[in-house]
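In order of appearance the chains are A, B, C and D, and numbering begins at 1 in each one.
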Amino acid sequence: MKKIYSNADDALAETLFDGMTIAVGGFGLCGIPENLITAISRTGVKNLIVASNNAGVDDFGLGELLATKQIAKMISSYVGENAEFMRQYLSGELEIEFNPQGTLAERMRAGGAGIAGFYTKTGVGTVIAEGKEHKDFNGQTHILETGLVADLALVKAWKADGFGNLIYRKTARNFNPLVATCGKICIAEVEEIVADGALIPDAIHTPSIYVHRLIKGKHEKRIEQRTVIN
Amino acid sequence: MKKIYSNADDALAETLFDGMTIAVGGFGLCGIPENLITAISRTGVKNLIVASNNAGVDDFGLGELLATKQIAKMISSYVGENAEFMRQYLSGELEIEFNPQGTLAERMRAGGAGIAGFYTKTGVGTVIAEGKEHKDFNGQTHILETGLVADLALVKAWKADGFGNLIYRKTARNFNPLVATCGKICIAEVEEIVADGALIPDAIHTPSIYVHRLIKGKHEKRIEQRTVIN
Amino acid sequence: MTWDRNQMAERAAKELKDGMYVNLGIGIPTLVSNYIPDGVDVTLQSENGMLGMGPFPTDETIDADLINAGKQTITELDRTAYFDSADSFAMIRGGKINMAILGAMEVSETGDLANWMIPNKLIKGMGGAMDLVAGVGRVVVIMDHVNKKGEAKLLKSCTLPLTGKNVVDRIITNYGVFDVVKDGLKVIELADNVSRDDLAAITQANLV
Amino acid sequence: MTWDRNQMAERAAKELKDGMYVNLGIGIPTLVSNYIPDGVDVTLQSENGMLGMGPFPTDETIDADLINAGKQTITELDRTAYFDSADSFAMIRGGKINMAILGAMEVSETGDLANWMIPNKLIKGMGGAMDLVAGVGRVVVIMDHVNKKGEAKLLKSCTLPLTGKNVVDRIITNYGVFDVVKDGLKVIELADNVSRDDLAAITQANLV
């Protein structure tokens, strides 16, 4: 029942294997599981399929696993911030499956929620629809998208209690709650582990049932586009 | 932009028509929009199709609209608490479409989220699956369920701000957030309207975009099964 | 010799393992929470939107906003989280709940379950039962071995409308414990002084 | 004579009506928030999970956990609510966002939009653009009328991979405002001293 691990390496023990699918939370560099990603780069696990909205930047976030060439395929909506990604993709070392951002989010939710497939208008008439089943509802064409289930889910939250209940902060929430649901195993890294009962039950974003392992991490929280008014 | 109305009758003005579909939040008598239901009973609107997990009890909740025979059809998962319901159903005055509870909740979410249909294992091999499209995913049979969109959604929340952001309390949340999303118009009744900015942005359950009209109600909050330890 | 309601609940409680997330149905299954073994930490889900269900309240702590799926007033614990009905059934349908313990009217030897409807008689609705049996990792049923007329409720195939097909893993009756296996129901355990011959007369399903 | 970036943004801001929920794309559309007319209250959605987006922060209030869809640091308002990415796109896909104002590479006379990819050249991904054009109530595009080589970007049909088919309602270019109607693009408004003859030379789409 004890879910708290002392560090990212311990938390990852016996969860990794070559060729596995890992879902990773975060939007850009906001709300990414920094500590777990770095720990994976130390393990040497390879041929990973990574489902994550973005691919980090060259030296941070998932960029760390691109640098070590541990990723064989990305399932993402936008990878524009990463030059190394482009290089590997154009040289054929890396495969990419683009999903529209909302479709990716919904596929993760569906995978976690036991919804095998769902119909959406997103992507109808585009390359995204090619090869997918089309079906009309109320006179409008929809395409069938499938639920996404990962072998492992890595998320970053703000606070956790010892049971694994999580809350996120501001836009660092993003994909994390969905990622947490779609993994067969979910590991969460948080900024603070609070006393049991200290989280408000009405305000918990990810209930403990989704979280199998938990660590307190140290977070750089790098800002990608620092924009201020003068 | 002003969403706050002075009472339930005003809030319902020009939203009702005979034969319309109304989605109503609540589980049993917990978290039901008492004031709005009572106000509808005063309007005389009829032939309503009501999507709600339960049908209230004889003299409270949706039971009020059954007593006035304003409901032609219920879409529910469980109606066992209501004797008048049974009487009308057995005499052929009332139609019932049973949906499994999770399917009903997901249909409301899907309707609100622009998901026209989804595949679930729930109900496969039962009467629920009859006439529905079957499809195998990963060797398991699923059935196609459709998104549910209502002409009007009625919800009960705990607190709102003036923008229409809502938070719910404990298990009174239940179907309410889903009902709020699936209505073309959504009216919310709350126990308290707080100052703008007084709700914690990370803890809002229903963002303001879903709520078109808002009233502060007086709530009896009747308990259906009072159970205590001695 | 046969088990009473509380003994069935006590036997069912032995199914619970430390760390499990469990959904208990209405009726006898609710009693299971009284017998959770020492050292076994279990989190109860209530499908109306709660994980970490506590015991019934006192008169002083009763709260109309806090009920279980049977509409009974309950309490929260320090682990409690609330969520909406779609999230609740996402958890159920997504296989996150380790076990459901449910009542039954009939079970077939292939694990079909009927527990929601008697045509022209009981038409209250299935509530969350169809979602639970389709989604939960392991489905344990608690039921009387025979009906009030003494007729078998463990059948070759169910006569009542199904809640789910091939969904039951284990059955606990007042006579014993049975697993749904390839060729029928396997006898796992019998109540004191119950023999397999006793079972033969009151069981239609093939016993292996 | 033609409009500059800020004038295009100012013109686009006139599309906003009181009480609207609006999503602004990256680039010129972001500038629209500088020109929201007095008395018009608009709530901005950021598809990474926020409703009620405020202006950029100061050095003192900057927060790494608070960014917009362009990954820029922003601030919150007293109306702000945060949610996850599935809930964000549920809002978008479900038609709750009244208007999206987006950039474009090409638009066809039937309202097809291409704004995410140039084969073998720009392969960053579509982000949320496909979801937005498929789900939002009204799609307004802001774009230069011609490309850097002076070639038309309002076309009979798009040459680049589509973001969506029949999705654009209104186009605002540096030359004027155009609506997608049955037989082509209807001229709604022209920049000062721009004539329909000027347009003919730089527009491939049928103008009506």
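Following the convention adopted for this analysis, a contact is a pair of C-beta atoms (placed from the backbone, for glycine too) under 8 Å apart; a residue touches a chain by one contact, two chains touch by 3 or more.
Only a predicted model underlies this, so the values are computations on that prediction, with no experimental measurement involved.
Averaging C-alpha coordinates per chain places the centre of subunit A 35 Å away from that of subunit C.
Our note on geometry: subunit C versus subunit D, Cα centroid distance of 54 Å, whole angstroms. The mean-CA centres of subunit A and subunit D are about 28 angstrom from one another, to the nearest whole unit. Taken residue by residue, subunit A touches two or more other chains at 106, 109, 113-115, 120-121, 168-170, 173, 201-202, 205, whereas all remaining positions touch fewer.
The residues of subunit C that reach two or more other chains are 76, 82-83, 89-90, 92-93, 134-135, listed in rising order.
Because contacts link the chains in a way that matches no line, ring, star or complete pattern, their graph is best described as other. Per the contact rule defined earlier, chains pair up in contact as A-B, A-C, A-D, B-C, B-D.
Put simply, subunit B touches subunit C in their complex at residues 27-31, 53, 76-81, 86, 89, 96, 98, 100-106, 108-109, 120-128, 158, 168-178, 205, 221-229.
Those residues of subunit D lying in contact with subunit A across their complex are 46-50, 55-59, 62-68, 70-74, 76, 82-86, 88-90, 92-93, 112, 123-131, 134-135, 161-166.
Within the complex, the subunit B residues that touch subunit D are 1, 109, 111-115, 161, 163, 165, 181, 196-197, 199, 201-202, 204, 207-210. On subunit B, the positions that touch subunit A within their shared complex are 106, 110, 113-121, 135, 137-138, 140, 142, 146, 167-170, 173, 200-203, 205. Taken in their complex, subunit D has these residues touching subunit B: 18-19, 21, 41, 43, 45, 51-52, 76, 78-83, 89-97, 135.
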